[in-house]
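One structure coming up, written as structure tokens, with questions to follow.
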């Protein structure tokens, strides 16, 4: 019973969202507002169940990890934004979080991308064959793409040609990854149509 | 020959014991299945402590046998590290973790023993071995209920310890020092008053036009920061661009809407816009309710922003930050209401969709550099010049690697092979 | 003194430097700093969630009070929010966690959130088509190349392509693995350098627009 | 000519309508659509065809509703083949949310093929802890599955009398949406030499191709395309074939629109140039 009602609700909401393709209308507005409201509520409960309780309260009370007072402090002073006289305190929290992001950004960029990707470009050639040609093409593509991102000189001469070839590589890449994604997106639609036709209308068998 | 005979005896005993009813145990001390039957252990290097690595190297013919590893601590307590590992896996790590913090303690002596078997290890046998009275100090062949188990000698005492420096990250340290030097050099250069240049970036010159046209039409500006957190660099970059855009918005005395996915991003965006409005001399125009939270559900956010776009009809839409699958949902809706769209992200998978659906797209690093472009302060320009010099370093490195590779493998010259391997290893992280 | 930008800039600098230095120290507590910091971010964000909800519900509450054009939908949003939170609390008490299989909170997730999510996601099937139609015009050399690659790859991905030529899927793979990968790697290296630039500007306090 | 000019300004909603039609219609009418069977899929089919009558086939449902369009058609096609060859499917579930999907597919095809529960097939349902389970089945399946999905003891079913561990299972077929298959390969395949065939979502299929080449799995069915091929093999083209038709037609429609858009673009440009010439 619960399942049947659930399927009808799900089917209704699915159609409401699709009505947006025609134009903005009350059905879409209904689904949209319900969606935002429900998920905003969902995340409150989620935050309690998967963040505040297991990451803050339990370790602090059960394991006496009082170091967690630090994030709790920064979390609480975030709430000073409700009181204009002391709302400047919330900047400390913002500074704290931005600092974390920036710090992680430095080492993350070097270890997570620059070194491994440069290393991946260094491939032992197997002789003068198609694979070598491919490797050459990759090296050439990486270099010209990097030239496109060279900012501190006007693009003239070699830089101009390099960045032109670079943008050509970039466009090929964009075309390819666009085309490659179409199939996955159509699959999503097929999935929804499946649901409507089989679970709800039961016309597929 | 002796070994074969012994094995024959083992089998004989084995077949005899088939008829015995109770658990039977036959023990042949000091017998080994092959020469050098042993396991070794060592502290795991470059870790935070609480970890020991046990290794073994048995003949290939035993690859499909199982190995069970036991641990004994100083006090003589025995415990199981892992049962029935495939011999071919060659190693196992005995590590304390958050779920199981009591496995290995730093500074304690541990002794390990391995049990090799063709079948999975028998639980009763295992229990018997680790029970305190028996211990498993004796190595040799055990025949338990017709199954044969080969037990290694104990390893030497192994002590786990925590390291203060991760040696495997030396390439990162070196890169970091180099990078710091390059940045400091250019920042000093900028301080000393040297003029630095930044090339034209398509799309950023359109910011003024987008805000202006929007104002003319009496429509607000919408600025979408995507679904990143403040700890994501692209989101930070999006926020810095927001600061420059809001300044223009304040100058034109129009309105900017910033729907947000993450509440911390929302509060940060509020600060950014407030500061920009104050700098532009119009703090009175700032309304914190224009920078609102929607929901932390990826597509819920997209649905909410789409609805807001349809109803508020912004004249210009900025999409700057971290975007995933929702990118095209937002950009197509933005296009359908006829807004000028300037997008930018570092997600390469989403860039094609922005390129297709928006008027201007900042590709990757262009977006990171955008805030500098929009506010050409010397120090900021200095950091861009530093990035560019590092870019040259990377290009040189790649070219050198390629040339080495040609000489090493194309022309088969030994010394270049060594150099090439050295370079590849230097970059290993 | 306390109110100025000085302290926040110092906090950013300090936290940023601690993050970088800890990266090289496996010893406790530095070794787990990345994980710890992300947990801490979640905790801070958890508190901030209250500001977010205040912002969202406050906005719709004002719309409701003003009898705004779309006030009814604001009511729907507020009711949806309240109902979910109330059910969540009741089920947390009842099962110990609202995420239990049998809880009504899970029911809401399965029959409201999941279909809404996947339907919004599937809108992309339509949008990808309209975006391609509109944008893929052979305006110049690069645009032409983009649209030709897109068409080749689109064909190469479906059985149809294999029937046109067995080489089409292979060619598609080649495009993905060679030119596509090269450009992606180049873009990625640029992004990493850009990220370094942004981070360093923030840590050194050159970029301070996020503080008012 | 006018037609093309109009076309260049076509309302986006027509495009939406076309996409909707080419996706929905094939699903309802299931047209004949040529599908070429690839070797990894053929290998799965052939392997099953060669199994002696009465062999047990363990099917693991490791996907949820999100992957239904890719996996469900294969499940049905596979079950058709198994029942036709008098092989006995044993269904287990590693992804809890997939349990109803597995049951649905199994009951549907069993009814269609006249198979009897407990004699010709059985459904053991979901148990938590997949690694322990994969290793445990190597010893005794009853350690983890004492009862079936409706809590009826295993030993009351005739077909389970002689099923104890991997030795009694001729083939394991994993229907995989995530990376659970890696554990199957490592534990069931690596430790117990269990023969494995996999059906993977299109996204992860290329990654698993390596295991096929190295012989660690007997065959590989990738995404909806693979499922369509399997439907052709069991001679009952169904939803996957229809889905592939939807895919192909929608790709074609998009390409067609791009081409038409470009024709319109060039005609318009030509006309503008002429006007400019005046």
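By written order: A, B, C and D. Residues from 1 in each chain.
Note that in this section a residue touches a chain if its C-beta (ideal position, glycine included) is under 8 Å from a C-beta of that chain, and two chains touch if they have at least 3 such contacts.
Keep in mind that what you see is a predicted model, and the values were worked out from it rather than measured.
**Q** Show me the overlap between the contact partners of chain B and those of chain C.
**A** A, D
**Q** Among the chains, which is located farthest from chain C on the basis of C-alpha centroids?
**A** Here the answer is chain D, farthest from chain C.
**Q** Going by the touch criterion at the top, tell me which pair is linked by more C-beta contacts: B-D or C-D.
**A** Between the two chain pairs, C-D has more contacting C-beta pairs.
**Q** Approximately how many whole Å separate the CA-defined centres of chain B and chain D?
**A** 31
**Q** Please compute the C-alpha centroid of chain C, do the same for chain D, then give the distance between them in whole Å.
**A** About 29 Å, centre to centre.
**Q** Could you state the distance in Å from the CA-based centre of chain A to that of chain B?
**A** Averaging C-alpha atoms per chain gives centres 15 Å apart.
**Q** Centroid of chain A to centroid of chain C, CA atoms only: how many Å?
**A** Here the centre of chain C sits 3 Å away from the centre of chain A.
**Q** What parts of chain D, by residue number, touch at least two of the other chains?
**A** Where chain D meets two or more other chains at a single residue, that happens at 12, 16, 19, 23, 66, 247, 250-251, 254.
**Q** Residues of chain B that touch two or more other chains: which are they?
**A** Correct list: 169, 172, 176, 179, 229-231, 233, 236, 264, 267-268, 271, 293-297, 299-300, 303, 311, 348, 351, 353, 355-356, 363-365, 369, 384, 387, 391, 394.
**Q** Check each residue of chain C and list the ones that touch at least two other chains.
**A** Expected reply: 20, 23, 37, 41, 44-45, 48-53, 56, 70, 113-114, 116, 118, 120-121, 123-126, 128, 130, 132, 134, 136, 146-147, 150-151, 154, 157-158, 184, 187-191, 193, 195-196, 198-200, 202, 210-212.
**Q** Is the way these chains touch best called a line, a ring, a star, complete, or other?
**A** Per interface graph, the chains form a complete graph.
**Q** Could you pull out which chain B residues touch chain A in their complex?
**A** 169, 171-172, 175-176, 179, 196-199, 201, 229-233, 235-236, 264, 267-268, 270-271, 293-297, 299-300, 303-304, 306-307, 310-311, 348-349, 351-353, 355-356, 363-366, 369, 381, 384-385, 387-388, 391, 394-395, 397-399, 401-402, 405-406, 408-410, 420, 423-424, 427-429
**Q** Under the touch definition given earlier, write down the residues of chain B that touch chain D in their complex.
**A** 64, 66, 84, 86, 120, 336
**Q** Name, in rising order, each residue of chain C that touches chain A in their complex.
**A** Listed in rising order, the residues of chain C that touch chain A are 2-3, 5, 7-9, 11-20, 23, 29, 34, 37, 39-54, 56-57, 60, 70, 73-74, 76-85, 88-89, 92, 97-99, 105, 107-116, 118-126, 128, 132, 141-143, 145-154, 156-158, 172, 174-193, 195-196, 198-200, 202-203, 210-212.
**Q** Of all residues in chain A, which touch chain B in the complex?
**A** Within the complex, chain A contacts chain B at residues 17, 20, 24, 28-29, 31-33, 35-36, 38-40, 42-43, 78, 81, 90-91, 93-94, 97-98, 100-102, 104-107, 109-111, 114-116, 118-119, 121-128, 132, 135-136, 139, 142-143, 146-147, 149-155, 170, 173-175, 177-178, 181.
**Q** Would you pull the chain C residues touching chain D in the complex into a rising list?
**A** Residues in contact with chain D: 101, 114, 118, 125-126, 128-130, 132-134, 136-139, 147, 150-151, 154-155, 157-160, 162-163.
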